[in-house]
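One chain, chain A, appears in both complexes that follow, with chain B as partner in the first and chain C in the second.
Right, the complex of A and B next:
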């Protein structure tokens, strides 16, 4: 499950921020900000993608590097949000 | 991680310093006058709404690192009141080092209680951010127009914007313009005839109270229009007088021969300069005559050109009168309900100028 999410996030980043160039490896824990892959417009694009693709709603306070600065962090955040949503719904 | 919260009085000094450094690109310190105006505009502004407010981004150490100024803009859509909010000043300190600050400010604004969010003159970065949040750029509102009146004087002014000493050539430009403007057939895009065309409607100076009255009257036919409270519109009209860097204000009502008002125009600029038009308003079907009256006035005043922000309702009349258009910044709208955006795309919404941020002293005044 997590690998599937992670792969989708990676594909989104490659497509939108690397313009389809996947020749350079993108590590799960690589900082997207420090690598200059994502700027403020990219963050908003990422947030919109996560909300629309994974059906989550991101609060303003959740738009922080701890949740969005690497593929691993984004993956963990999406899983947490979905689990929380399921617990609330259940 | 920082936080986003509503602007407070205690933030204003830092916001003023950011404004000087980031938007005015000067190392001069912010003056008390600028701080006072930021307070007046964003904490005591017209049409205050307890739920729609400006936002600041606070660093972990408690310092302010970003600001998004919001002006509530109550609108009417037909007979339905609509809550609008206008994003004006938007700036982030060390934007590249903390891209989350700008993203969070923008999200916080667009997540507000307003039905419709607007910005009048977004730069390229802001435009991209709005687009990422599924906002709609309004092409016809996003154009700047230019009408050259005296071509030699216009070129001199353009050169003077780069090298101030070029203005010394202005005395040479005048005879050149007199020659160019003599005899060439009308209409032409490169100049305006020296003689005022027969039939051009008269225009008369307009006081604040009459201007506010005519504003309300001439926006009433738009499907989406501001529903300013009278005292707030009067305040905006009064404040709009002060744009020292743009030059003197010219505000005039256009009337028919029997004295009936059919429109008004408001521009800034001293003779020999390029005038900046803040607003043109016209009764339905009278846009062309109002524009002709404005050009005639600018011609007689000695302006070398006029420039301004496009309005869909004026485009057709402008095209026939040899105006030039260029895209410089974007007017953008965002709403959760797509039906609210349709009148803007259809050119049936009154937006820009006084239904925007351009009327405020932050744009064009000295502090």
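Right, the complex of A and C next:
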């Protein structure tokens, strides 16, 4: 489950921020800002993608590097959000 | 204004004259009013003339002194030539023309190579001194006029533009990978490097002296600032404003010297409004002003232009930059710039100089330079906020200030304080890093290097352009105030490397127009360097002292107007029908043939730009950077290269 989310996030980053260039390894914990992969526009694209693809809603206060600055952080954040949503719904 | 070319070395006379004529032909746009060549012993000079001061044939160049032992070919203007002549006449010098060129010959006779220290102007010149078997090349302090050189088979060749050097048999136009990396990080190569491998520029404020076959390059002037502790001593602001005003008025006054009409750019911003206001007061016959307007309201400043034109009573001429314009002229723009760029901003200025020429003017004043010497750019404010945030990294309030200085960047307005802090490196950038002020810009730009091909990356082998820039800073840099450090980097690198060349000389001279910059008078530049930082950047109010010194010249709506950076639409410009050539020049085949960029990633970038507007800085910089590099390669490094006329779409 978790790998599936990670893979989708990775695919999105490679396609949109690396323009399909997957020759250089992109580590799970690699900072997207420090690697110059995302800028302010890129973050908004990422939020749109996460909300549309994973059916989550992001509050403004959640759009922070602690949640979104690496594949591993995004993955953990999406899982957390989904769990919270399920708990709330259940 | 003009174009120069020549050589120092042993060329057979039967080869020299035709070569000089070919070199001249390649830069004919710089001087449509005449051509002259001189072939001497072991050296040759060539000149294309744009007549501005002393329009008579007597002022033609290359010009010789009375006994024919010293000759000059000269591009540009020396604005204090009248004062210099007055200084020389009592010393026995007799003049046969009223030209500034002849003054330079006499000045050289009087002072030798150090004569350049007396010049106030924008120039690139060569003196051939046969009496002392010496050649002197020199370039103005701020880098307004260009001068390039290369060695080939034991001969030194030089010219105002590289395309003239490419007329020399055997001199090739290949890309310099290091220069490309510098452009894709710093926006311009670090002088003396140019985009062309093996071709150098003479850096601003430098001279080259060739004697006994040996060439020595040395600076004759340098920009410096007071030590930070001295900068804290505050003189009276009123006194500083009054001195500033006097200097600016004189700088403008001597830049109106010409035997042809002088006009003025009027963008609607503070700087060109000040220059136009001063010029209007000094031009009894009235002033003509010129501006670009944009169809796209995001970039258009025409409302402010109209306010100023009405206030000054200028005859105002405008040219509109519409959806097709940038794409249709961009190949010609690249041919004139002679280096890849990351923005399309030079293109509307190419249109603007075309308008000036259409109106039969040869000379215009420009407000360029004020942002550098009076701290006008957003980058200066940004660096101050970054330091402010860095002192309290946990603050969620302080990063909101970034929104205040970038109201025109919608994606930045929507960021949380945490992301604002992260983008601007408030926690990661070391405050004592000499490049602290420029790190976010360099990082954002260098992101575009992800499109570099594997081969280019391998050739660059981890080269770091920012590191080279840091290592080239002067020894006393560390003792300057942080604002002065940032101003130095802007003024010594980006100003000559991009603003004055790609957006300046090259765009104007494409239409045989000379641009003059009162703010770049070296007396004003030196004075501005002594103004305490707090008088330039007062809180987050840029150019405070300049506004104060000129408030009476302008309507308050202009005088108090916050800085609006000059921008033009980037990748979106090429979606129109006029941009269809982009498909071919960015095709995987074309990109593979050049070998500099990743063909598949480039194809996806193009596809994305066709599908939706590219929103981010990096993607737009990459798009324009790759496109201009591909066009550059086609014009200068391909089998069809070395053209002597503008390419068309």
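Descriptive notes on the structure:
Quick note on the criterion: the second predicted complex is superposed on the first by the 90 of 90 C-alpha atoms of A that agree within 3 Å, B and C clash if a C-alpha of one lies under 4 Å from a C-alpha of the other, contacts with A are read in each partner's own complex, and residues count from 1 in each chain.
The criterion applied here is as follows: a contact is a pair of C-beta atoms (placed from the backbone, for glycine too) under 8 Å apart; a residue touches a chain by one contact, two chains touch by 3 or more.
Quick caveat: nothing in here was measured; it's all calculated off a predicted structure.
Look at A:33: by the touch rule set out above, it reaches both chain B and chain C. When the shared chain is aligned, chain C comes close enough to touch A:18, but chain B does not. One of chain B and chain C touches more residues of chain A, and that partner is C.
In the superposition on chain A, contact of A:63 is made with both chain B and chain C. In the superposition on chain A, A:43 makes contact with both chain B and chain C. Shared contact residues of chain A, touching chain B in one structure and chain C in the other: 33, 39-45, 60-61, 63-66. Of all the residues in chain A, the ones that touch chain C in their complex are 15, 18-21, 23, 33-34, 36-37, 39-45, 60-61, 63-66, 69.
Every residue of chain B that touches chain A in the complex is listed here, in rising order: 1-4, 92, 95-96, 99-104, 106-108, 111, 125, 128-129, 132-134. On the side of chain C, the complex with chain A involves touching residues 409, 411-412, 414-416, 418-419, 422-423, 428, 443-444, 446-447, 450-451, 454, 598, 600-602, 604-605, 608, 615-619.
Residue ranges on chain A touching chain B, taken from their complex, read 33, 38-45, 47-48, 60-61, 63-66, 68.
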